[in-house]
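Each structure below is given as structure tokens.
Here come two complexes built around subunit A, the first alongside subunit B, the second alongside subunit C.
Take a look at the complex of A and B:
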């Protein structure tokens, strides 16, 4: 067990040493429906002129890892090229009946639930492949949800740098300050991926962080 | 035991206390079996981030039409000097339940937890 962990750590160190700057992978992580794909689309349309995937109010719209390569952002006279990794939302429960409530047929709902469970597993596995993470949280919801704590705890334990993104600040019920207060030791930026509010600030932090 | 609506059978709900050492010894598959059978599990420690991630992965592998997953909550004993009144009470409860100073993890089947949340006054505990 210890040997396996050591080998993993050594492999990751060596690959980091020889990694080109353009090979950097930035992952979007967060709970379901926090706006990860909306943010990924915002980043991709701003810098590549095209979307990465479909965003939806129906939970688990993103059920597979989606990668957009060579995204080059420029901010404050600096630039950064990276591969953007949009991941399915992390959840501890997936009930096919919830999809039926969103108007899906029973068969389709069961299929979606099945795919969603695989998506969560893939997202957790991909934690070993990303170099930096944007933890996208819905600022209208309680930030101290167990899923958020598990994601942040895993990033901390794996020493993966990250920025907490308090998304959906355009909504009336948004409380970005609550996210900041919940995680005072982490860098937190309030944005609206939908309207683009403060996304420029996020780009400034990104080019400095990597 | 939790009452169900008129005409429905009572739902048997078990609360099981699992020492952290036993949780670590057993494989997660065995542990998941308990959760699938309407049991709320209390572990006398806060799980590590890695253990939580493994538990989520294992849960996702076991999700089916009858088992929708889990709700989990890890409570850590606060060790800071400037503890709030709530922290002091929380610590007292955790220490009283576990007898140890290393936190508490509560894990339950998602559907059961949802039912308890809907009708908390219908939860009857026989001790």
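Take a look at the complex of A and C:
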């Protein structure tokens, strides 16, 4: 029994050691409208010269998993190649009437709500496939939210390495310090995916973390 | 599936519902039965059909019709067409995806459950 366990452990260690760095998948997770796609676009335009998807002020713009393969970043003399996985925003409530407030027609709003719900399920399923996660939070909002706590708690429990990205620090109402205080045990970086502020710092951490 | 409530030990669990013939059952705790009936009583037939279609669109139905499946978890509730309440904690905890729809009907993502919760499914093949 002990031998079987040891053999399994050894096999897992060897497979980890020889895993190609280009096979690494980094997932962007977070609540709705926290700027995941804006950050994904920033990373992709910086290193590939093209976007990954469309970002929007209307919630749940990203409703399907989007993957950009072989993103190679360089920082501090090191490089990292990975597949970037942009995921739909995690939400506890999805209501088509919220989309109607943004000018959508009822039928389209209901369709969006359905797709967004499916997107949440898909995003959570995909967690099994990622090697590292950037948890993108909106630093203008209260970080102690059920969705944020659930995501972080689960990553911690599953031992998936992650960095908390306090996004939107360019906004006046941003309080990145509140995010740090809320999650003092986790690595937190304040950035603005929109303006590019401090994104270089994030790249530094990424090449070191994976 | 049709909303009919059967007692725990009903023979229908093995043979399929005597109302609709389906073998998907959802375990509703006794204390939740009233709440479920209250939530679903105002739904029109059209809304129920709309919700059913939404569920089919959201979850791939890879289940085998000859199997009986009983689950006791709700991860997503559809209050009305286009209005969803998601229990992210349950979803993250890799528990089976069960969609509870307003009519008191339920569908599940069996493929997910088969992968993750093999031991938790009450599943018996028709003899």
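Here is the rule we go by: the second predicted complex is superposed on the first by the 192 of 210 C-alpha atoms of A that agree within 3 Å, B and C clash if a C-alpha of one lies under 4 Å from a C-alpha of the other, contacts with A are read in each partner's own complex, and residues count from 1 in each chain.
In this text, a residue touches a chain if its C-beta (ideal position, glycine included) is under 8 Å from a C-beta of that chain, and two chains touch if they have at least 3 such contacts.
What you see is a predicted model, and the numbers here were worked out from it, not measured in a lab.
After superposition onto subunit A, partners subunit B and subunit C are found to clash with each other. In the superposition on chain A, A:179 makes contact with neither subunit B nor subunit C.
In the superposition on chain A, no contact is made by A:189 with either subunit B or subunit C.
In the superposition on chain A, A:156 makes contact with subunit B only, not with subunit C.
In the superposed model, A:165 makes contact with neither subunit B nor subunit C. Within the superposed three-chain model, A:109 lies in touch with subunit C and out of touch with subunit B [touch as defined at top]. By the touch criterion stated above, A:206 is placed in contact with neither subunit B nor subunit C.
By the touch criterion defined above, A:40 lies against neither subunit B nor subunit C after alignment on the C-alpha atoms of chain A.
In the superposed model, A:90 makes contact with both subunit B and subunit C.
Once chain A of one complex is fitted onto chain A of the other, the partner contacts of A:117 extend to both subunit B and subunit C. Looking at subunit A, you'll find residues 90-97, 110, 113, 117-118, 120-121, 124-125, 127, 146, 150, 153-154 touch subunit B in one structure and subunit C in the other. Subunit A contributes residues 90-97, 110, 113, 117-118, 120-121, 124-125, 127, 146, 149-150, 153-154, 156-157 to its touches with subunit B in the complex. Interface residues of subunit C facing subunit A in the complex, by the touch rule stated above, are 54, 57-59, 76, 81-89, 91-93, 97, 109, 112. Interface residues of subunit B facing subunit A in the complex, by the touch rule stated above, are 48-50, 52-53, 56-57, 59-61, 63, 65, 68-74, 110-111. Only residues 90-97, 109-110, 113-114, 116-118, 120-121, 124-125, 127, 146-147, 150-151, 153-154 of subunit A touch subunit C when the two sit together in their complex.
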